[in-house]
Amino acid sequence: MSLWLDLLLIVALLWIAAGALFSRQLFRAVVLFIVFGLLLALAWARQAAADVALAEAAIGAGLTGALLLDAAGRFRRVRGGKDAGGSP
Amino acid sequence: MSDAALLLITVSCSLVGGIVIFLLPEQQRGWRTAINLGAALIKILCLLLIVGAVLNGQVLSVRLPFLPGADLVLRADAMSLLFAILSALLWLVTTIYAIGYLEGAPHRRRFFGFFSLCVTATMGIALAGNLITFFLFYELLTLTTYPLVVHRGTPKALAAGRRYLAYTLVGGVVLLTGVLWLQQLLGSVDFSHGGVVSVLADSHRPALVAIFALLIGGVAVKAAVVPLHGWLPEAMVAPAPVSALLHAVAVVKAGAFGVVRICYDVFGIEYAASLGVLQPLAVMAGVTILWGSLRALVQSDLKRRLAYSTISQASYIILGVALFGPLATIGGLVHLVHQGIMKITLFFCAGNYAETLGIHAIDQLDGVGQRMPLTTVAFTIGALGMIGVPATAGFVSKWYLGQGALAADMGWVLWLLLASSLLNAAYFLPLLHRAWFRVQRQPWPEEHIPRRPGRETSLLLLLPPLVTALSVVMAGLWAGAPFSPLVWAQLITALEYRP
Amino acid sequence: MRVVAHRLIVAGCTVVGLALVYAVVNVQGPAPDLALAVSGALAESGVSHPVTAVLLNFRAYDTLLEVAVMLVAPLVAAALPTTAPAPAKPTNDPVLQALAAVAVPLALLLAIYLLLIGASRSGGAFHAAAVLAGALVLLQLATGRSLPAWLTPTRQQPLLILGLALFCAVGWLSLLLGGYFLGYPPAWAGVMILVIESGLTLSLALALWRLMP
Amino acid sequence: MTSALGYAIAGALLVAMGLAAMLLHHHLVRRLIAFNIMGGGVFLVLLGLAPGHGEQADPVAQALILTGIVVAVAATGLALALARRLHQAGGDVRLDHPSSREDDDDQK
Amino acid sequence: MIRSDALLPILVMLPLSLALLLLLSGRWGRFLSLAGMVLTTALAALLLSHGGQPLHHAMGGWPAPLGIGLRADGLATLMVMMTALVCSAALIYGEYWFDGAKAEQGRQFRPLAWLLWAGVNALLLADDLFNLYVTLELLTLLAAGLAALMATQAALTAALRYLMVALIASTAFLLGVALLYGATGTLALELISIRVAANPQPVLVVAMALMVGGLALKAALFPLHGWLPPAHGGAAPPVSALLSALVVKASFYVVLRLWMGPLAPLTGGVGPVLGVLGGMAIVWGGWQALRQHNLKMVVAYSTVAQMGYLFLAFDLLQGAGYASALNGMVLQAVAHGLAKGAMFLAAGALVVAAGGYRVDQLQGMASRQPLAVTALAVAGISLAGMPPTAGFAGKWLLLQAAWLNGQWLWLAVMLAGSLLTASYLLKVVAVTFLPAPVAASVGCGQRLGGVALMLALLALLAGFAVMPMLQLLAPVATTGGWL
């Protein structure tokens, strides 16, 4: 049972990470990254690493996420015209 | 005073002098002159003390740790002293000349500073007791002469400087490779009479031939052996004292001295002969002698003609070494000194012509003998010496070289000497003819120093060539006197060919 | 050209991924003697929570350097000469303001709780600082102001380095008393750690907040 | 297969994915996302491979990860601070591939 | 009474604490910085006086596997001394360079530079794998921040690009740490060495590849060097000096430490790879330096080439040439640190005096800025490996190692590299002898050049202190530093 839960979590982690990495829209990528952070916190909790889980949620997902959100908004229209968030 | 201190002071007094000169403000002419002359005199004094010791049969040496398995060794033996004294004396003369020559010119601080460093390097080469020390000072010489070559700061001077470094640095790398290789075979390579490599097993002989080629190739660049001579004529753009330095005191001499050292005190002349490397060396020297003379013949610029003459003459020294035999060796070694004093005389005179009257080309020389008689007398003595006219120093050299060739049973060398002397005559005699026997046809190109009664040019410019010209005659006339270059060369030869 | 480069990158990263998976699967781990050592020395560490013991006692030096790392970003940001920053615009969102009114005091309490609990359970300076920084951000969003006006960036400097300075001070003290660097006497360890952590909480919170634009 | 190993493998895959994204993207924010995901992957490997799995995960590994998380946010914060300044100075936050600029430098 | 081994943490904590004090102090900062410089250099000299006897300090009093150790052997000692000299020179130079309109940046430069000093010392003395990671990260962020200090568009872009590359590298290194930790269960370098030697499993090869690869990236090893020239060339001169002389070298130092310690059983196949890349770096870096028209870019590409020597030497670190190669690479590292620091400082002085970056603007500098030109030339002589500098000693030993191992190709590459170095430096120095243009006389004292010359002369004088330095290294050379 718990193994299945872990497996599910792993698949979700990879899936969301892929989305965050290769999403076409920058904003969406950042949101997915925050979700990834929260899932990762869950993964830490599953591995009995409560300290890391807390820190991941607060710093990894929360603060880094906020930073990136702000940056995504700020740098949306970079010099040189078209939206830079597009996937290559 | 201990041996170590004596040797270190000998080498470093000009180093300290040079550094102080760099620190002095440009305007401090008096102090600069005092330091220059003071350092030169201290150096000569030290060398005299060393001569005294060496004549008593001592070999002074000092050893400082430097790299693992490679100490810095300074060592004074008869051969070092031959070169050391020559360059110390000529340095003094050249410094006096340079003070007069650069009167009022810019950047004198830089010039004299590097001039001093350059002599430090030369002294180090002369007194080096092993290959690594030799290499160290050899590279130092390259570096310290560069600023002198480009001193004028013209694009032409920079091009000459680039060429000079291109040749000498590559030469340095070749030399380094040879040093490294030999170091691997032998450990530390201290110079000693009769050579040090003969202890190696016969299986190393091919390697030793290669090492010989590398070492000689490295030093032959500075000795301007054809085809490695390309930098020398270009470097003529430098001021006349620098040319004198390059040709007679430091660079070319260092290269030739390097050949002598490597043949005698690294390989041992007999071992080198048994390796069969001397024959090619002799051929190289022969080619250089002829090629240099032929090229000199077609130069229309006075200093360039002198430069090609140097290329030719420097190889007499190498020829003397390569002929294998005591007589030829004496000839080569004594030519180390004789060529120095003769060539420096010629360059001083050429500098005087240029500085006083603006004469650079040969066809401007017409009638200069009347305008500048003393300078022209000195020039004549130098030129006759180069040709090898009896009663001059050059004759002594050629005499012994010829004897050596006969003793070595190499007749072709005799023909070579004859041909070279004819060529020498062919490119020097017309100059003398123009100077003495033609009348001035056109005004002097640029008369910097006006004629005054009894003084054809400034005293500082006039005295040095007269002194060196006098020494050319004396070396020719009293070749057998005690302490003459010839006697000294015979002493060294006796050591090298000791059974 | 670009496409080729991309394919190369993808292929390369696939290889890297495979190598990593191979490595991860094949690790032959040793006996967990380090974890045992941690629990063995826990009694002398001054705290009962092993992670805190590692962070602030056994490997406190790492943490000290890490706090120095944390200091770099705000320092550099302050060092870069900027044109005048855009004036903060307060959002007049009543919901946000109400939320802030409730959440900020709660966050403050939570931070203090996390700080104190760190000695025995999960928690500690880093968590407390993150919560505190979050509260500051919320306050900024709701009211347009967070820190008091007199606390200009220059005046924040002492607060910013407080944690590291305390850390260093304790280290120097322990050295000057003839001991090892940051070698607390067991009796004092708990107090020392709490002092350092309190300073760290404030400094890290400020540093994290300063990272925010 | 234990779940710890599973997480470690996931970590390895995350690193590879993150690396690919880091190299493929030029936009700074995307690179920072990739960097943080790579970091997460490394931490998963670190904890997953850490010896000993009792009731609590290896405290040393936990402490290392905590340190790592703080370092990562510091790096992200610094990068964004620089980027904001660059943006202000009129620069482009889409950074070219680090090794493809050789020739541009010569032309300066 | 203070423990004698407290010297090690003090060498880290003194610069760190000073950096904090400098953040608070206003006008007194300059004097504080100067006093700290003297003190820290004196402490480095004190460490030197231990004669390379290994010194060890257990942080927190916790012995190695549990706690973090600091450790100084001859190698670390030499590097600490070199760091002290370069940092001092850069800081003094900074006091003169950041003046007038740049005074504000100068105030920021000081604490950051002191933090960097602390970070470098921490890295040099680290005896713990994760501690190495933290110090590397500290240096990376500081380097990026310092490189961006001038806040021009070019500097910021270069700094960001560097940061991105360095972060990939750090991540790779950390992953290597994770694998090693998983495989050995410890972070203490000495214990890792023992356990790796006892059970050299294939995983370790991956860990090694990750760590060495990451560090090579940070050390700008060819072909991963693209980030370096703009970042180092575009920064303020004292910053360039610190980055090129110390930060890049720190990564090399970590490779060397790991190479001789934990990774020693695994290095067989990796040496030739590093050798090839190093050789290519020598040639390519030298060639690029020759092609540059921007003075600072010449110097920056020269760093790429010189790092090539250091990495090529890893392939010489074997067989009969082992001791020679080790001695040579350490000397080379020390010599390059001093010389490259001097060179960037001198280049900075020349750029100020010439009012521009281009090499052809340097006309007349030989007479207008003799100290800076001399510094450039002397440093260049050391870099080109010409006697009697420390650079010559380093290259001589490396050549000797190549000879002893029969690695003829490397011998040729190193010799050719010397000539390349000489050529690009000659290109620069030659221009300074041309007569100065009449106009364009920017007022600039000799102080900047003077500081640069001091550092360059140290590179020269170090050439006469080779034997004492090698004595310090003797235990390292025979035991590999560990065990």
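A, B, C, D and E label the chains in the order they appear, each numbered from 1.
Just so it is clear, contacts are C-beta pairs under 8 Å (C-beta built on N, C-alpha and C of every residue); 3 or more make two chains touch, one makes a residue touch a chain.
Computed from a predicted model, the values in this text were never measured in an experiment.
*Asks:* Walk from chain B over to chain C along touching chains and report the minimum step count.
*Replies:* 2
*Asks:* Considering only chains that satisfy the touch condition with chain A, which of them also satisfy it with chain E?
*Replies:* The common neighbours are C, D.
*Asks:* Whose C-alpha centre lies nearest the centre of all protein C-alpha atoms?
*Replies:* That would be E.
*Asks:* Report the chain whose CA-based centre is farthest from the CA-based centre of chain D.
*Replies:* Following the centroid criterion, the farthest chain would be B.
*Asks:* Sort the other chains by how far their Cα centres are from that of chain A and give me the top one.
*Replies:* If we average the C-alpha coordinates per chain, B ends up farthest from chain A.
*Asks:* Once you count every C-beta pair in contact for both, which comes out on top, B-E or C-E?
*Replies:* Greater number of contacting C-beta pairs: C-E.
*Asks:* Counting in whole Å, what is the centre-to-centre distance of chain D and chain E, each centre being its mean C-alpha position?
*Replies:* Centre separation, chain D to chain E: 25 Å.
*Asks:* Compute the distance, rounded to whole Å, between the mean C-alpha positions of chain C and chain D.
*Replies:* 18
*Asks:* So what's the Cα centroid distance for chain A and chain C, whole Å?
*Replies:* Here chain A and chain C have centroids separated by 20 Å.
*Asks:* What whole-Å value do you get for the distance between chain A and chain B if each is reduced to the mean of its CA atoms?
*Replies:* 77
*Asks:* Would you mind listing the residues of chain C that make contact with two or more other chains?
*Replies:* 6, 20, 23-24, 27, 29-34, 38, 51, 58-59, 62, 66, 69, 72-73, 76, 80, 126, 208, 211, 213
*Asks:* Of all the residues in chain E, which ones touch at least 2 other chains?
*Replies:* If we look for residues of chain E contacting two or more partner chains, we find 130, 134, 137, 141, 144-145, 148, 151, 175, 179, 182-183, 185.
*Asks:* Can you tell me which residues of chain A touch two or more of the remaining chains?
*Replies:* 50-51, 55, 59, 63, 67, 70, 74, 88 - these are the residues of chain A that touch more than one other chain.
*Asks:* So which chains actually touch one another? I want all the pairs, not just one.
*Replies:* Pairs satisfying the touch definition: A-C, A-D, B-E, C-D, C-E, D-E.
*Asks:* Going by the contact rule set out above, which residues of chain A touch chain C in the complex?
*Replies:* 50-51, 53-55, 58-59, 62-63, 66-67, 70, 74, 88
*Asks:* Quick check: in the complex, which residue numbers of chain E touch chain B?
*Replies:* 324, 327, 366-367, 370, 381, 386-388, 392-393, 396-397, 399-400, 403-404, 411, 415, 418-419, 422-423, 426, 430-431, 433-435, 464, 466-467, 470
*Asks:* Going by the contact rule at the top, pick out the chain C residues touching chain D in the complex.
*Replies:* 6, 9-10, 13-14, 16-17, 20-21, 23-25, 27, 29-36, 38, 50-51, 53-55, 58-59, 62-63, 66, 69-70, 72-74, 76-77, 80, 82-83, 126, 204, 208, 211, 213
*Asks:* Over in the complex, which chain E residues touch chain C? Could you list them?
*Replies:* 1-3, 6, 9-10, 13, 16-17, 20, 23-24, 57-62, 65-68, 104-105, 108-109, 111-112, 115, 118-119, 122, 128, 130-131, 134-135, 137-138, 141-142, 144-146, 148-149, 151, 175, 179, 182-186, 195, 199, 201-203, 206-207, 209
*Asks:* So in the complex, the part of chain A that touches chain D is made up of which residues?
*Replies:* 2-3, 6-7, 10, 13-14, 17-18, 20-22, 26, 29-30, 33, 36-37, 40, 43-44, 46-52, 55-56, 59-60, 63-64, 67-68, 70-72, 74-75, 78-80, 84-85, 87-88
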